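Each remark here refers to the structure printed beneath this line.
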Amino acid sequence: MDKRVTLRIADIVKECSDVRTYIFQHPLAALPGQFIMLTDFAGGEKPFSLAWCNDQEFAVTVKAVGPFTQRLATKAAGDIVSIRGAFGSSFFISRHRALLVGGGYGTPPLYFLARRLLEAGAEVTVVNGARRSDDLLFCDRFRRLGVEYHNITDTGGSGREGTSVNLAGELLKTSKFDYVYTAGPELMMKSLIALLQDQPCQFLMERYMKCAIGICGNCTVDPLGLRLCVEGPVLNREQVERITEFGVYHRDAAGHRIKFTDRGEKIT
Amino acid sequence: MCKGLKTNFLGVELASPLVLPAGVMGMSYSGLKICVENGAGIVTSKSLTKLPRSGHEGPVMAEVPGGFLNCMGLCNPGLEEGLAEIAEFKKLSTTPLIVSIFATGREEFTELTLAANRSSADFLELNLSCPNVFDEFGIPLAASREQVFEIVRAVKEVSRLPVIAKLSPNVLSITDIALAAEAAGADALCLINTLGPGMLIDIYARKPVLYNRFGGLSGPCLKPIALKLIYEVYSSVKIPIIGMGGIQSGQDAVEMKMAGASVIGIGTAIYYHGLEIFNRVNQEIRDFLEESGYESWQAIPALDKIRD
Amino acid sequence: MCKGLKTNFLGVELASPLVLPAGVMGMSYSGLKICVENGAGIVTSKSLTKLPRSGHEGPVMAEVPGGFLNCMGLCNPGLEEGLAEIAEFKKLSTTPLIVSIFATGREEFTELTLAANRSSADFLELNLSCPNVFDEFGIPLAASREQVFEIVRAVKEVSRLPVIAKLSPNVLSITDIALAAEAAGADALCLINTLGPGMLIDIYARKPVLYNRFGGLSGPCLKPIALKLIYEVYSSVKIPIIGMGGIQSGQDAVEMKMAGASVIGIGTAIYYHGLEIFNRVNQEIRDFLEESGYESWQAIPALDKIRD
Amino acid sequence: MDKRVTLRIADIVKECSDVRTYIFQHPLAALPGQFIMLTDFAGGEKPFSLAWCNDQEFAVTVKAVGPFTQRLATKAAGDIVSIRGAFGSSFFISRHRALLVGGGYGTPPLYFLARRLLEAGAEVTVVNGARRSDDLLFCDRFRRLGVEYHNITDTGGSGREGTSVNLAGELLKTSKFDYVYTAGPELMMKSLIALLQDQPCQFLMERYMKCAIGICGNCTVDPLGLRLCVEGPVLNREQVERITEFGVYHRDAAGHRIKFTDRGEKIT
């Protein structure tokens, strides 16, 4: 069963101007890195990573970028949505030294991961990047966890100036990590992978998803044919290195190949 | 691959009688390729249309007891890009490939056929039966004997590739339609496309679960319907049948062979059993050949025809 | 029985909207009675024919993923004895009863109707849709708009009881048939009879599993098909609909209500959940009314019609 | 799942001129009193009680009485049939003193029961009746079990003369039994019930069966509406006493009521 369930939004937390966290009172069996498909019955069903999940509740953090997510931003607690999942692969839970490198809405699933890593006894370092400090997600939540925590933005507000990749590079030079985990813009992850050599690492990678159950083929990546809704979204470095389209192109709803540009945007 | 699974389909040798059906994992060359790596003997592209289609708004799939409803809505990158994916697949694999095309009438089908002629596909499948674009295009072509005859004949006149007509179960007499396709020169039939369509309602939201409201039914519960229609058509036509609908084991595949199909599609079962399903079914067929003493897949006899 | 479940069906008050469908547990008065004791609000007799029928040779039922195939073959003791069972039921119970009749044409239907007039049944259902006597009687009447119109009109002319037309899902446009039945004066529709039919093959014996080869599909996998057809018909007709096909929970029943049915049949689910299924579904509906704030079963609104 | 499975007949034992036991090498999870539906794909699927059943094999003992069972009598080991089941209710397993009263092909399911009773530590007495001594089933098998065993026939050959009901009556007068079990012709069981008063007792009762899964309603008994394929075929005395049709009529394949006659035959 892909377990569709209809839920009322229990609570909505406004994280910043265009990002909201939707909290649901429902016991979902999900692991860090996994995602749900969510619909509001008004057109569209979209994948969102879990920002946290326990026996009582789960949450997804959504950035309003287009018609669907902008409509979500207008919802109120009590509104009805329907979810399927959780789907996909999840992060390996290391019990030693972990470095988490997140950017944009890639940060919330790393927060879920950080909690599980801490529970497993790992030592966790987090690099959280964004363009502007207003866009930094989950700072307070991470701080409350008591992890080693670094903010980094293009402008340097409320933390260091630079990119999360640069900072991660520095940390990797000065310390040894058993595992590196990253989620965020694909071009950010693409820059990061260059620094990793044989460092064990996992990536949360996104592709256009429709069925989420491994049938429609919309989310496969070239040339391996891995389905990111089943074999992904969490992939190992060894897999990502063999994905020729990583950071190069992805496919849209029609299966068109769309190139990634330097600025993290997509053009045909 | 054991010798016993080798199958001749319209003069082409397949390493396994298992087919990846249209619309399943066929959006990209790598999706097709991974199915071959997992044991499919022949693969089908997503149904390609002249212009690109993003498909229906989600949700596009919903689980039901015994299967799934889907209303993908014929999403595909359009014929040109679709054929480019096929070319890329063909560069990497010698496995035969069926290009599936969808159009709304004879002229467009002919146009697409001409383009498919220049592709590296081995077979051409006419999707006459998509139940998920009803609102847009009305009752499937496969409901009309005359239309099926006309389109197949027109396509056959220009096609370089052997032509497979994919039919719908949602008709009063599929045999009539099958006979029309055969009379028009179809080289093979593909039975069956999804059933229904069906519908689910969310009683808390008081809305259809699928945004397109209706979706075609696929998966295990289709098998008895598919078997009946394949057996009925097999009893009347001479051209080979690609059988599909709910197959998820070697036993199922043999059952469909005995109903009269030559090769067997596996789509929705990928959800239940993973991509390994192709290899597993291959193995289960081999086991059946062994235990039952048949020499090969091709030697498994069909039931006596209804009208013998 | 809680007040919220009370339902008015064609002027008759039912204690529960749950219907025992034709052919299920309806062979004897005691079979009908035990379903009422378990919570059915209205029961239907086995479809009665003029002369007794022993039905098809077994096997007559086979399990498939998501449901069952059956080819009972309209076994029944004939109209006379069947009406005697009904009389005996009515002596013991005030629960409304539908007598189902099957015939092959207008005249025989009229003849059976005249007999049913003298019975203690509350409603008359015309089984126009049995898929299991194809070899004997050919394509179901419910596939022909003209035949349905003719038969319903003829029956309405002589029937003392409100007339329900039971239709088949195995047609190109069920709405056309439903409109014909309504135009001919049917008081209500019953949707749907079994799907297909389907087939299973024993690969070791190389024989169809059902001795009759084909059997109609019922059970959970029918629900999405039934919902779609009910919703489609509901959008076009004004007469009430008895909905059935795969219902096995209160949620399912509410879903079918929202598709446009007034009362809901539960057949095959008796296998999965026992005869208690009626009481359990009644309770689940009550729970839904409670949690969703609807006053009663009848207050649960249907979806907006397709053609509003 | 009603678990249809296709099997080769492993062995056939000819019990007497018109009765054969069919043995299958197949692990069936079945209890004494339960039955299977069996077909040979040549028309007809019929209920037969299990004569024994363990982890390796099971058996049914069939009397050739009509088209189906006569065709079965022509089968050989290695022939293919298909079975569904096991179905229905089963006998209570008493651990004390049990009396088993069987007649005709009702005896084999009591043999299965006897084995399970012995395993449970019960003390078992068997009364096995038939018209003629040639028709007595399972004598040797019962004897090998080491139970207290009585043959009884109309003619007195190879045992006592009389009816199993008379003999059971005598035993019931002289000994106390915790449980009485009976299977065989309905009129035999009808005579027996009169002797039982408040003696705990179970009956194996037969009706025409088609679906065997509790849907078609062919096997219900008046006025209770019990389905003998689900709530039966094993019923308690309390149930049987309330079945007005017990020993009076049954329904055939069309649902006609057929009367039982004194001689155990059926007329319209």
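List of remarks:
Letters A, B, C and D mark the chains in the order given here, with residues in each chain numbered from 1 onward.
Note that in this section a residue touches a chain if its C-beta (ideal position, glycine included) is under 8 Å from a C-beta of that chain, and two chains touch if they have at least 3 such contacts.
On a predicted model such as this, the values are computed, not experimentally measured, just so you know.
Centre to centre, using the average C-alpha position, chain C and chain D are separated by 36 Å.
Separation between the centroids of chain A and chain D, computed from CA atoms only, is 65 Å. Here the spacing of chain B and chain D, counted between their Cα centres, is 50 Å.
For chain B, residues touching at least two other chains, in rising order: 204, 207. Taken together, the touching pairs link the chains end to end in a line with two free ends. Interfaces, counted as pairs of touching chains, are A-B, B-C, C-D.
Contact residues on chain A toward chain B in their complex (touch as defined above): 1-2, 4, 6, 37, 39, 41, 43-46, 80, 82, 84, 210-218, 220-227, 230, 251-257.
On the side of chain C, the complex with chain B involves touching residues 64-67, 69, 139, 143, 170-173, 195-201, 203-204, 206-208, 214-215, 217, 219-221, 223-225, 227-228, 231, 246, 251, 254-255, 258-259, 288, 292, 301, 303.
For chain B in complex with chain A, the residues that touch the partner chain are 23-35, 37, 46, 52-55, 57-63, 68, 70, 72, 75-78, 81-82, 85, 92, 202, 204-205, 207, 209, 211, 267-268, 270-271, 274-275.
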